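Below, subunit A partners subunit B and then partners subunit C, in two separate complexes.
Our next item is the complex of A and B:
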C-alpha cells in the first residue's frame, strides 16, 4: 500500500478498481454462463412445464396445477415417498453409527491411521456401477453370501426386501466417507479436553459422549441435514440394481420421476415431481441457514 | 440415603481381592480392542472387493462351487474375453478423453472464478457464492428434462462435447467453492507485487495464483477426474451410441448382457475400478484433503 500510493493518484486508483470489477465479472462469466445454459435456464423451463401437459417433445398445453394435484393423489408417489422416508431413516442411522465408531477408534489409536482411513475410503471412491455389480453378485441367490449361509433367497428380487437390500449397499459404500469426515472433525477437538476428562475418571464412552460429540457438532448438523437432501435424491444404486422394482417395491421419487419423463413420456408430470423435490431441498437449506444464524451448531 | 449406600459399598470394594484398576491395564487392552474392531471394519469395506478380484480369475463352474474363496489357478481368460466383448479399448479411450476434458475445462473455469471471488473483491460476490451453493445442492431432476430437450434440438445428444459441457456446468460450482477456500490463503502481497510489476490479471492467475495454490488445484482436478470417471447418470441419459460411451455405461450394458456370468463381469468391473484405485493410492493425501475440507456433495 505505502509503496503503491505515490505511484497511483486517487483517480487512477478508482479506474483501476473499476477495471478490476469488470475483470472479475469477466472471470466469472464462463462459470455463470454455463450454469445459466445448463442449470438455471432449464430449471425455469421446468417450473413452466410443470404447469403443462408436455410429453417431452412437441407442443405443451397449459393445465394449471393439475400435475401437482395429480401428484398429491397418486398412490405411486405416496408409496415412493414412504420408501424415501425409510431410506432416510436407514441412511441416517446405519452409516452414521458405523462411521462414527470407526472415526472415534482411529482417533484413539496411534498406528495404521492412514491405512485404515484408506481402506475405509475405497468403496466410496469406487464407481457406483462397480459397487452395484459386486453386490448383485454377493446378494444373488446362486453365488454369493447366500451360498455361505445355505439359503437361495433373492434379496434384490423379492418385494419385501429389495429396498432394504439396495440400502445395505448404499450404507456400505457410504460409512467410510463419513468416518473420514468425522475423523477430520475430531482432530479439531482439543487434546487437553481428553486429558482433563481422563483425570476426572471418564471412561472411553463418557469421553466420546461428553467431549467428542459436542466437539464435532457443526459437522454432525451439516451431515444430518445433507442426509435429508441425499435421501431425497437417492437414485444411482436403486436405478442400477433394481430399476425401482420388482413391482415398484424399491421405487423412490427420483426413479419414479425418471421413469415418467423417459419411459411414460409425461414430461409435464415429471417436471412437477422435480419441482416438488426442489421445494423440499430448499426448505432444508433454509432450515440450515436458520440453525447457523441462531448459533445452534456451536 | 445415597451416601449410606456408598459407604456400604465402599468397604466391600476395598475388600475385593482383585480390585479393578482401570488406569493400569486399560490403555493397552483398549488399543487391542480398537485395532480388532478397526480390522473387522476394514474387512467389511474391502471384503466384497476381494471377492470380486477372486472371481475375476475363476470360471463360472468354479464360482458356482466356491463363490467366495480365492481362485485355485490363475486364468486370465475372463479378462481377455471381457476386454474384447465389452469393447473396452474404445470406451476406456472415451472415458480418458472425457476425464481430460472435464479436468482441464473445470479447473480453468474454476480457477478464474475462484480468483475473482477471492482476490478481486467483485461486488455481488457473496450472492454468487450463495448461488453456487444452491446450484450444487439442487436435485438434477430440476433441470433434467428441459436440458435433454434443448440438447436434442442443438444436436448435442450422442456427442462427447455435449456431455462435456454438462460436466463443466455441473462440476464447476463445487470446484469453484473448493478452490476458493485454497485461494483465500494465498497472501495478497504476492498478487499486489505482480500488479505493480504490470502483470495483467490473467497473467496473475496463470503465473502467481495457480502455482501458489497448486495443491488445491491438484485436489480439485483429482475430484473432478474421479467424478467424471465414475459418472453414469448424465452419460446414460445423453449418450446412446455404443461407440461414444464412457467406460461406466459400457460396463453397465455389459453386465446386463452377461448378468449371471460373475467371472466375466468381475473381470470387466476391475477395468473400471483399477485405474481409479491406482490414482487414489498415489494421490491419497490430496483426495482426503479435498473431500474433507468442506468438499461435500
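Our next item is the complex of A and C:
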C-alpha cells in the first residue's frame, strides 16, 4: 500500500453498502418513474414547444427564440410581472405580519389555544374553489358585504381594485396557516431566554424583537422562500374570481400563460412564458441556497 | 426478520409490482393509442358538458337510454364535465390519440384546426350512406364541411334573445320595443324607476361580452355588413361597426346594461337571474340556452309570483329588418379519429339526427338544449312544448327560411378574433381603448386569420 492511498474497506462492508444503495434506489424507483412521466417528460416537451409556434393543436413549427424575444417586448407580460410584484409584496407582508402577530398572541394565552389554532386554520384547509366562489358573492356590489354596509362599490369589477380585492382573499386564506406554523416555531424558543430578557427589563416588544424573531428565523426564511414561489404561481383565486380581468387589471403571468395557451391558441408562447418563470424560480432557489450557506437560516 | 414482518426480498418484490402497476397503464396507453374499449366491442364513450342533475338525468334516460333500446348491441358510457373544462379535456385527449369515441367538439371555427390536425374522423362516407343531406339542414352541414369533407354535425342551433320579467312588463304597461327609439325610451323609463333595463354579467362566463357584440353588430350594423366583413369585402374598421360598439358602450355608461361596467364584471349571473325574478332587473340579454335555466328564478320556488317571457332584440338601425336573429351553433358532435369504433359512433350520430319525431320531442321536453339543425314545420313541433319554446323554434326557422338571419361571433368568427371580441371589449368598457381602436384590433386579427384560412365557411345571405 502506498502512502496516501485510500484504505479499502473489507469486501463484506462494500457489498453491504451496495445492497443499501440498491435498496434505497429500489424504494425511490416508483416515485422517480412517476416523476419521469409526469414532470420530466412534460418539462422537456415544454422546453421544446417554447421554441415553436405550436397553437395547441396540430403540428408545431420551429421559431427559435422568437417567443422569448416576443415576451421581452410584450406589454401584457410587463403588466403581468408588475402585478406579480405587487402580489408578492402584499402576499409576503400582510399574511406574515398578521400571522406572526396572531401566533405571538396565541403563544401568550393558554386557554382555548387549540380552538384558536383550529379557527385560524379553517380558511387554509377549505378548497380554494370554494373560498373563491364564496368571496365572489361576498364582494358582489348588489348583495355582498359592501352592500350590507351601504356601498355598492364593485371591488372585483373595478380595474383599480380587482387585483387587491383578490389578494385580500388570498391573504385571508393564508395568514391562519402562517400563524399556526409560526406558533409551532415559537414553541421551540427556549423559555429561559424570555425569563432572562424579563430579568434584564425587556418589555414585550423587545422580547419579541430580540428573542422570538431570532428564534424562529429558519421558519421565517423558509416561509419567505415558499411565499416567493407561490407568488409567482398565483393562479387559482385570480382565475376563479376575475379571470385576470377586468381588462387585464388582475392579470398575472400564470393567468396570462393560461390565456395564451387555451384562449389565444398560442401554446408555444405560453410555454416560453412558463420556461421564463421557471428561470425566475430557479434564481430564487439559488438565492435561498446562498442564504443557507451564509448561515442566515440558523 | 421473521414472523409476520416482510422480508427485504418480499418488500422489494412488492415495490417492483407496485412500480409495474403504476407504469403499465401509461405504457399501454402510449402504445395502444385509444383508451376506449377494444375494437368492435360496441362500447362507446362520450364526454358531455350537460350540467344540472335533471338535465343529466334526462340525457341518460331519454337519449342514451333510448339509443340503447334502438341499438342493444351498442352501449354508450357518458362522463359529465363542467362546461368550460370539457373543451380543454377534449383537446388534450384527442391530441394524445385517446379520449371519447363520440366527441362533443367545439363550434365551427375551432373545428377547423381539429380537422386539419386529423383529430376528427371524416363523416362524409356515413353522410352518404345514411343520407344525412336529407336530414341535417344544408347550411349546418356546409359549416362543418372542410375541403369537401364533413367533420362534425351541429349540436345546437344558437341565437340571442332578450328575456323579460313578463309580470313586471304587464304591471308597468310596457310593450315589446319595436325599434331603437322604442327600446331607448323604454330603457330610460325603466332606469327612472330604479330598474336595471338589461341584465348581463361576465363573472361566470368571461365570453359573455361576445353575446352583446353579436347583438349590437347584427342589430345595428346589420347582417349584410357583418357578412361583408366576414367575407373580406369590407373591414371591421368600417364606421358601422365602430358605431355599434360606441352605442353598446353608451348603454353601459348610462347604466342601462348591468348597472354599469363595474357591476357587469362583478355581479354573478345567478344574482342577475334572481333580480330578474324579483323585478329589479327588467330583462336579461342571453342566448337561447338560458331558456333551460331561467325557470328557477320565477314562481313560488324563487319566492315570487312572476313569470318570464322573451322577445327578439329590435332593429337598432334602419339597415336591419324586424325579426332578424343571429344564428350559429353551440358546439358540435364528431367522431374521434383515434376511435376503433368509428362505425358505432357514427351509428349513434345517425340515430340522434335521423329520428325527427324523437329529436323534436327532445326539443319540446328540454327547452333550448337539443335544438339540432334539422328541417321541420311548425305543425311538427309536439303540442306539449312550452309556447315560449315553440315560439323560439318557429322564430329561428322563420328567420332562416326568410333569410332574415345574422351571425353569432362564436360560430362564424375565426378563433383568435373571436376571443379578441370579448377580451378586448373589456378594454373598451373600462375606457382603456376607444371603439375605433377596438375595431382596428378586430380587423387586424381577422385579416390575418382570414388569409390563413382559419375563417369558417359562412352561411350565405339569402
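Convention: the second predicted complex is superposed on the first by the 274 of 298 C-alpha atoms of A that agree within 3 Å, B and C clash if a C-alpha of one lies under 4 Å from a C-alpha of the other, contacts with A are read in each partner's own complex, and residues count from 1 in each chain.
Simple rule for what comes next: contacts are C-beta pairs under 8 Å (C-beta built on N, C-alpha and C of every residue); 3 or more make two chains touch, one makes a residue touch a chain.
Source: prediction; values computed, not measured.
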item	value
Subunit C versus subunit B on the shared subunit A, clash or fit after superposition	clash
Partner chain(s) touched by A:27 [first = subunit B, second = subunit C, both, neither]	both
Which superposed partner A:57 touches (first subunit B, second subunit C, both, neither)	both
First, second, both or neither for A:277, with subunit B first and subunit C second	first
Which superposed partner A:37 touches (first subunit B, second subunit C, both, neither)	both
First (subunit B), second (subunit C), both or neither touched by A:245	second
Partner chain in contact with A:137 - subunit B first, subunit C second, else both or neither	both
Contacts of A:262 with subunit B and subunit C, given as first, second, both or neither	both
Greater subunit A contact set [subunit C / subunit B]	B
Superposition clash, subunit C against subunit B - the stretch among 7-15, 61-69, 187-195 or 223-231 that is involved	7-15
Subunit C-contacting residues of subunit A that also contact subunit B	23, 27, 30, 34, 37, 56-57, 136-137, 140, 142-143, 262
Residue numbers on subunit B that touch subunit A, as the complex places them	22, 30-31, 34-35, 37-38, 41-42, 44-46, 48-49, 51-52, 55, 63-64, 67-68, 108-110, 112-113, 115-117, 120-123, 125, 128, 134-135, 137-150, 152, 165-166, 168-170, 172-173, 176, 192, 196, 201, 205, 226, 229-230, 232-233, 237, 248, 251-252, 255, 260, 262, 265-266, 269, 272-273, 276-277, 280-281, 284, 287-288, 291-293, 296
Subunit A residues touching subunit C - in the complex, by the definition given at the top	23, 26-27, 29-30, 33-34, 37, 55-59, 136-137, 139-143, 152-159, 162, 242-243, 245-249, 259, 262-265
For the subunit C and subunit A complex, residues of the former touching the latter	8, 12, 15-16, 18-19, 22-23, 26, 88, 91, 95, 113-114, 116-117, 119, 202-203, 206, 259, 261-268, 271, 275, 415-416, 419, 423, 426-427, 429-430, 432
Of all residues in subunit A, those that touch subunit B in their complex	3-4, 7, 20-21, 23-25, 27-28, 30-32, 34-35, 37-43, 45-46, 49, 56-57, 98, 101-102, 105-106, 108-112, 114, 116-123, 125-131, 133-138, 140, 142-145, 147-148, 172, 176-177, 180-181, 184, 203-204, 222, 226, 229, 232-233, 235-236, 240, 254, 257-258, 261-262, 267, 270-271, 273-275, 277-278, 281, 285
